[in-house]
């Protein structure tokens, strides 16, 4: 083991990379050894993804050197293709696959099995099926990828990367959209690869995961290298401090609203759904949401949490049942109606449904408010700038300016912009579908605090997250979903990891 | 970096920089080739010269380009029916005004009917694209094919002439005004459009829908309606352009009115630095594009290039213009320069 | 078995099947309405191929370009230029038919190469590049010769006029003579092209990367495909096919003139789209395009058989049938989407 | 199905050529028209439709080619499938008829070409041609022009001529350009100083004329290869304060009704006729062919020269 560890497969030295207005990487060194899992840590926008893109030829870098064990001299990968040729296999941060191709093809394109010079579809499909089975996914691999959820797509991307007979495997936040089961499976695979002597770079914002699988940690902050550490030598608190550059007030400080306050507010029912359902998405469900409460949705992957939320928000047109807001029956057919009733919805799929890529951060922040106000009441430029400034500060969004196109922000910062967009509309009922996906620890806490604070001020929040702990910390009540229908609810006093697990798995039913 | 350099850099990175440079180059080239190109005289009480011609002739194109810009921005597709719709609008107008010695109905009403026909066509395109989710180019292919047919149906296949002199005013001159009317109409359309875009959130809505319709829906935008509106507006523009075209020759030739003008309109949008796949747009860019195209055509005529060979020159200029705007080309040159520098340095060392 | 069929239908093949069915319905309707005018004659069906051999080839190339998310509106002009060049070389320069054909095919490739370079390597919008290409080729046609040139080269005419009779499906004409349906060599070229392109698209890495590039260019790049090279290849191939289509076109019209094949690109695009290709890229199939061409041909034939439509009604009728078709397809597509979504639960 | 039954029926019955498959003794004619791109063309279509009526013993199958030759070729194939008695083609272009006319010949269907001539190696591919002699039109125009100028007493001045050509490559453009050039070439004092295509449309005619006027050349005579371009040019001239018909002599072709109006108004000096009324001649020929008579291969329609002086009296007699 020790011998293995000493052999370096990849070294990067003095890497510099500038984007217009941003120093993304400044003299960063990085070393990866054979058979290790190396965590790359840092806040949102620290430069993790950029380092990976520079390494794999997606972006050019200005100065610096990259060496690989079996290659003479410095190498420069001019394209991902070259990087693959040099034995570097990558899963990038956002799912990057082709939605129109079949699942099998997405795994194999570029290196499909052949027979007599032509692609052998049968073998390819069979092998794809096996590979996914190994990751606990059983789906029809001959269907187009777009038919599947983000999580499945993420697993397909991983399957693709894992298969290449690579020397270096890079995983940029692969676990952001996975739930625990899948993460377990992924770790098992990672460990197997490690045994085979493959070096793995692993980016994540889940600290537990780092301590579960990683051997070494490299920390970046603001595009500069903080240091490289062995996991054993860097306890959690210190890691966080290193990432943030300051001491970090721990999660313990989050306090749920005081009991009596809750009691008072919970008298008032804000939203009441009766047998609301959307054919093919979510089976009819009843749900009451009171003022000032944080209701969590829990369930396995694909259990329909997002669908439930979307139906409430009329992002999917409900086709049966009734919805009352403040005791008034309302009929909604489009999100704008929901918005007018004081709802806000932060979708889970940031890239497809959240960001408006080419527009500036400012425009992305004000767009929802503008839509709510209507076509004629243009928010003046000055107001726009004020709003943008306010929220950029409040959520500590890292951007060169408020006129930067949002697509140039790091993944986590994009997420913050979306959250800002909805907070700006001052909703009474805020739906957050995986709001902390891809967000660093510091900000995650901020967001959780924010949720609790908002609830205290009287806002109702629906909180969906694959992280049970996070929900435990913020939720006052929880609805459980299974296979596209709501199967139960847990009151505040019942909330515990164990109970939730049991409910999800279908142990005992609640009312 | 000195202040001048900073300023230059800022100037060069402005999105209208390259389109403007291209227009300037086309005009400059003219100055050398045809020294009289910039001469403006007063003739017969009106301004007269190539430059006036360029502005006058590009009016329809500018109007169409404005409509096309919005369509492209909101749907990432092009409306290829604008030429045919222009012809149809002209036919409706002439038909309702009649071909007698006096109009059948008030002049203004005839114009309104023509424009209305344009809007109706635009609305139909909008319905197909926004509501039926048919790909823009295909949806507009229907009117591209049928538009002239309907126009001919209205005219009975004949060229209809309007005999009342006031009909020519729209395409020629208003009494005592020394500039051609189309220029004023184009300016009016542009100003109104810009006013609407600046004073309402429409511009932001259109961009949002064009970039990410799904996200647009979730933030409460009605992407169907927005796309529909842009197509209807494009129809309106086509209608207005059709009236100008008709008035210029005080007759409607359903087969030839606005023939192939859709290509020039799309080209104008692209030359103005707009992406044809939707999203961010610049009306000013499209206008510059439109003027560039007409300047090119007029100057090639001035240089006595025969019309059937004219496309070759047009193609070459178009390619040069878009290549100049391509960041990839700049990158390539940069890389080449670096390489050359390195080799020359290498040589120096060797020497 | 049925399950297998069903799952096949669920995929991208659904629209294709619908298109084929609609074609059959259309053709049957034609036979019923114009049966007594001989619409049911086999030759009428084969004429669809004879008349549209060039379009078939062009549509195959166009389909590939569209699948990459691009577009090529230069092909009409390229076909015109090819015909003119062929006629000019053979008639005015006395170059033999074989050599002329090889030269025009090479010219097509070079044309595609240049356009491909601009699209793939300089990342200029395909519409604009090929619009310039369209202008260029049309202008070049006029520069080669602004007069029309008839082809009298005997070798060329021999190929052009070589009727290949099919030994089946003979019908008796009104003079009592049994006639057999025939096709021309251009039809065989077209069919061979279609089969080859179909196989390439389905069974080669190149073919699949075309789909990947069209599905999501950024992703294709990150998955390690050479996006630029793929695009370049597609445009070169398309340039070649445009020239080949020009050759087939020329076999049908034996001459060159400046206005030849104007607007042909719209026919090719329309055929591909009717056949289920998406202009946004990533989805499509040459089999679909084949049926797109047949549908277009049938619509035109129906109008000729009708025989009383004036010029404008012809335009309106073509557009109306087209519109009917497109809307029907769109309805089927949205119906299918709904079904699929409800099924996935 | 019904598709094959019709021919079989007639197969037994048809002994003589006059017998047609569907409608007793009507002669079935398939007519492939270019399109409806000009007034001239529409007049031509109407003439055909009116004469080839059922009342006159014809059954007309009309196919419009939308100005595309490939559509015409398709239409002819469909005519062959429909087993028409006579095929009439008004070709979009001269070239490209070899193959499809071969098919018609094989099927034994006679072909009449109208308007433009076709260019085929084998003359037997068509039975006869009826149409205008564009070259002669060009020559006639110049002949009239020189006489007119002589009449004005300007016959020996140096005269600058501008020519607005039709769509380049069309037979009318080729014929008229050549006719005009050949005839003008005989006079040393006439000089063609400007030549550009106006694509047979009024709008282009106007635009090109504007550019002519700015070119600095002094234009005495304008020859516009059709009336529509002449109208556009007249507007352009008026816009700069010139008097068309006086300052610039306008010579035009086609002689459509609007041209007469223009001549009466004194804007245009002459229009050389291009007769679109081919219907009666084609009907005659079709009957003759069906009766097995020999017909003359090349037949020009009669065409006149209509100067402004006589326009007022001729106009009421004009049919188009």
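Going in written order, the chains are labelled A, B, C and D, and every chain counts its residues from 1.
Here is the rule we go by: a contact is a pair of C-beta atoms (placed from the backbone, for glycine too) under 8 Å apart; a residue touches a chain by one contact, two chains touch by 3 or more.
This is a predicted model, so every value here is computed, not measured.
Under the contact definition, chain B and chain C share the contacting chains A, D. In this assembly, D is the chain whose CA centroid lies farthest from the centroid of chain A.
Chain centres here are Cα means. That of chain B falls 35 Å from that of chain D. In terms of their C-alpha centroids, the spacing between chain A and chain B amounts to 43 Å. Averaging Cα coordinates per chain places chain C and chain D 33 Å apart. In chain B, the residues that touch at least two other chains are 152, 157, 306, 308. Shared interface positions of chain D, defined as residues touching 2 or more other chains, are 35-36, 45, 168-169.
Those residues of chain C in touch with two or more other chains are numbered 142, 146, 258, 310-312, 314-315. Shown are all chain pairs that touch, namely A-B, A-C, B-C, B-D, C-D.
Chain contact summary for the complex, chain C toward chain D: residues 31-32, 35-41, 43-44, 47, 50-51, 54, 87, 142, 146-152, 157, 160-161, 163, 171-176, 179, 184, 249, 251-263, 297, 300-301, 303-305, 307-312, 314-315. Residues 7, 10-12, 199, 202-205, 208-209, 211-212, 214-216, 218-226, 282-283, 338, 340-345 of chain C touch chain A in their complex. Against chain C, in their complex, chain D makes its touches with residues 1-8, 10-12, 14, 21-22, 30, 33, 35-36, 45, 60-64, 66, 68-71, 73-75, 77-79, 81-83, 93-100, 102-103, 106-108, 119-121, 167-169, 174. Looking at the complex, you find that chain D touches chain B at residues 35-39, 42, 45, 168-169, 194-197, 199, 201-204, 206-208, 210-211, 214-216, 228, 231-232, 235, 239-241, 258. Chain B contributes residues 76-78, 128, 132-139, 141-146, 148-153, 157, 254, 263, 266-267, 270-271, 275-277, 306, 308-316, 318-319, 322-323, 326-329, 332 to its touches with chain C in the complex.
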